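Down below are the structures I want you to see.
Each of the next two complexes has subunit A plus one more chain, namely subunit B in the first and subunit C in the second.
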Partner chain A sequence: MPELNIQTKPLRDDAYLFTLEGFLDAHTFEQLDETIQSIFEKNVFNIVADMTGVEYISSAGAGVFIGSLSVAQEGGGNIVLVNPTENVREVFDLLGLSQIFMIEPDIDAALAKF
Partner chain B sequence: MAESVHKELVAPSDTRHLVRIREIVRDVASHCLETSCVNRVILAVDEAVANVMEHAYEEEPEPGDIRIALMADDNRFEIVITDTGREFNPQTIEVPDMAEHVKQGRRNGLGLFLMRQIMDEVSYTFVQGLRNELRMVKYARKPIEGGQ
Partner chain C sequence: MNIRFSVPATQEGITQGADQITSFLEAAHAPVQLSYHLGLAYEELATNIVKYGYEYKQATEQDVILISIELSGTPPDASQIRIEDHSHPYNPFEQPPQSDIESAAEDRAIGGLGIHLLRKLASHVSYERHDDKNITILAFKDQDPAL
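Presenting the complex of A and B:
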């Protein structure tokens, strides 16, 4: 089983859904980083990240979202996190990121933020 | 006399071993800490070990090993992480301003911030030419048995 599984699909012309499963840590973060960059290269800057299946996140994983948020916003978009598990939510709380990122319960609610 | 658990392992400096190390930390820390606390301690250790894996040996042709000694008794969980790479003193890293971090898209310094937030003690020793040693402690705060 891969340690991080990433699936992407367009939700609208200007928004992509990322469905993440597994561990988002110092070993796997580059995988997510490269995938987000590839979406930015399509000139799509709205990203919905479904975190339901993320069992673990470290600062390396959170750092991908930190590094991408300003790029998304400069492109006129945003990053919205959907349904993080309690463990993942706690890491965002510890880092003070819960006030910075939009966190929504489902994909429709996330899309409504763009 | 309090029962204690000791475990020691040597891992190559390679992030693919982080999953296994987190499992070992869970196993030992569960001896004295509650589940939510164990999860935070796993994060702190993961951050410390990942720091070593990413930076300690980056100037050397061959990455070295990381030695990890874990101990838990009724009162505390303690871990000592040792490497023979370049000096890294966490005391020199400032607490990040997260809003500024996000604004600038910066990612560094977050691991140490988490380690300090989660663990009760974080101390560092550098022995020139020999090793870096990071010691972290988390105290158990279990309710007193039979207490109200």
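Presenting the complex of A and C:
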């Protein structure tokens, strides 16, 4: 069964890195949602999501990012996506999310956006 | 190459079906993009059936989702997925196209985001209610068979 692996680590006092690997779908999206909420509860609202290892994303997965973005922005932060694969990028493009999210090639470039 | 099978109309059933589709597409040497689109179509439609088709009635072992996939071309460059279920009448494509994606995301209670995605991905979509079944068909054309 395809799974999602999430690793988190602080990049700065006000920013966390999420390294995501695997499948972000209707089966795994709650795992990401809960992890993001746990970071917001620390009053950290800047998130860099390294998407390099995400093989598959469906609307359930994309919906987590959309829902979390407004919370991040209300907290004075943002969510920046790093290096999505071609398949993931296509889903973001078709949903119009590439215009809503900042997408950067690497973590340093993403961190510079905060 | 074709495949036709059924899975229980449950979250576990969806996962079983996804594994079967992956194995079939690998055996058929389907291109990456076509496989990705079929996988998405299956997940979005089957998830909608489980979440909304049975929101008023608990699905039983007899409640199944029937999946048929047809690949055409050598190597495959076009495909059609047909999904049938016995839940209450529900045409996913009756919803108007979503223009405001942030609103669409907030409106996930009716599965709007996934259907919006499928409308964009598929070359053709259709729905009919026949013999107390919802029958949804999506067709895909690989834009770059070399992928």
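Simple rule for what comes next: the second predicted complex is superposed on the first by the 112 of 114 C-alpha atoms of A that agree within 3 Å, B and C clash if a C-alpha of one lies under 4 Å from a C-alpha of the other, contacts with A are read in each partner's own complex, and residues count from 1 in each chain.
Here is the rule we use: a contact is a pair of C-beta atoms (placed from the backbone, for glycine too) under 8 Å apart; a residue touches a chain by one contact, two chains touch by 3 or more.
Fair warning: this is a prediction, and the values are worked out from it, not measured in the lab.
For the composite obtained by superposing both complexes on subunit A, the positions of subunit B and subunit C are in clash.
When both complexes are overlaid on chain A, the residue A:S59 reaches subunit B and subunit C alike.
Shared-chain residue A:L11: touches no atom of subunit B or subunit C. By the touch criterion defined above, A:L111 lies against neither subunit B nor subunit C after alignment on the C-alpha atoms of chain A. Once chain A of one complex is fitted onto chain A of the other, the partner contacts of A:H27 extend to both subunit B and subunit C. In the superposition on chain A, A:M102 makes contact with neither subunit B nor subunit C. When the two complexes are overlaid on their common chain A, residue A:E3 makes contact with subunit B while staying clear of subunit C. On subunit A, the surface touched by subunit B in one complex and the surface touched by subunit C in the other have residues 25-27, 56, 58-60, 62-63, 66-67, 70, 87, 90-91, 94-97, 100 in common. Across the interface of their complex, subunit C is touched by residues 1-2, 25-27, 56, 58-60, 62-63, 66-67, 70, 87, 90-91, 94-97, 100 of subunit A. The touching residues of subunit C, counted against subunit A in their complex, run 11, 14-15, 18-19, 32-33, 36, 39-40, 43-44, 47, 101-102, 105-106, 108, 111, 113-114, 116-117, 120-121. By the touch criterion stated above, subunit A contacts subunit B in their complex at residues 3, 23, 25-27, 56, 58-60, 62-64, 66-71, 87, 90-91, 94-97, 100. The residues of subunit B lying in touch with subunit A in their complex are 15-16, 18-19, 22, 39-40, 43, 46-47, 50, 53-54, 98-99, 101-107, 110-111, 113-114, 117-118.
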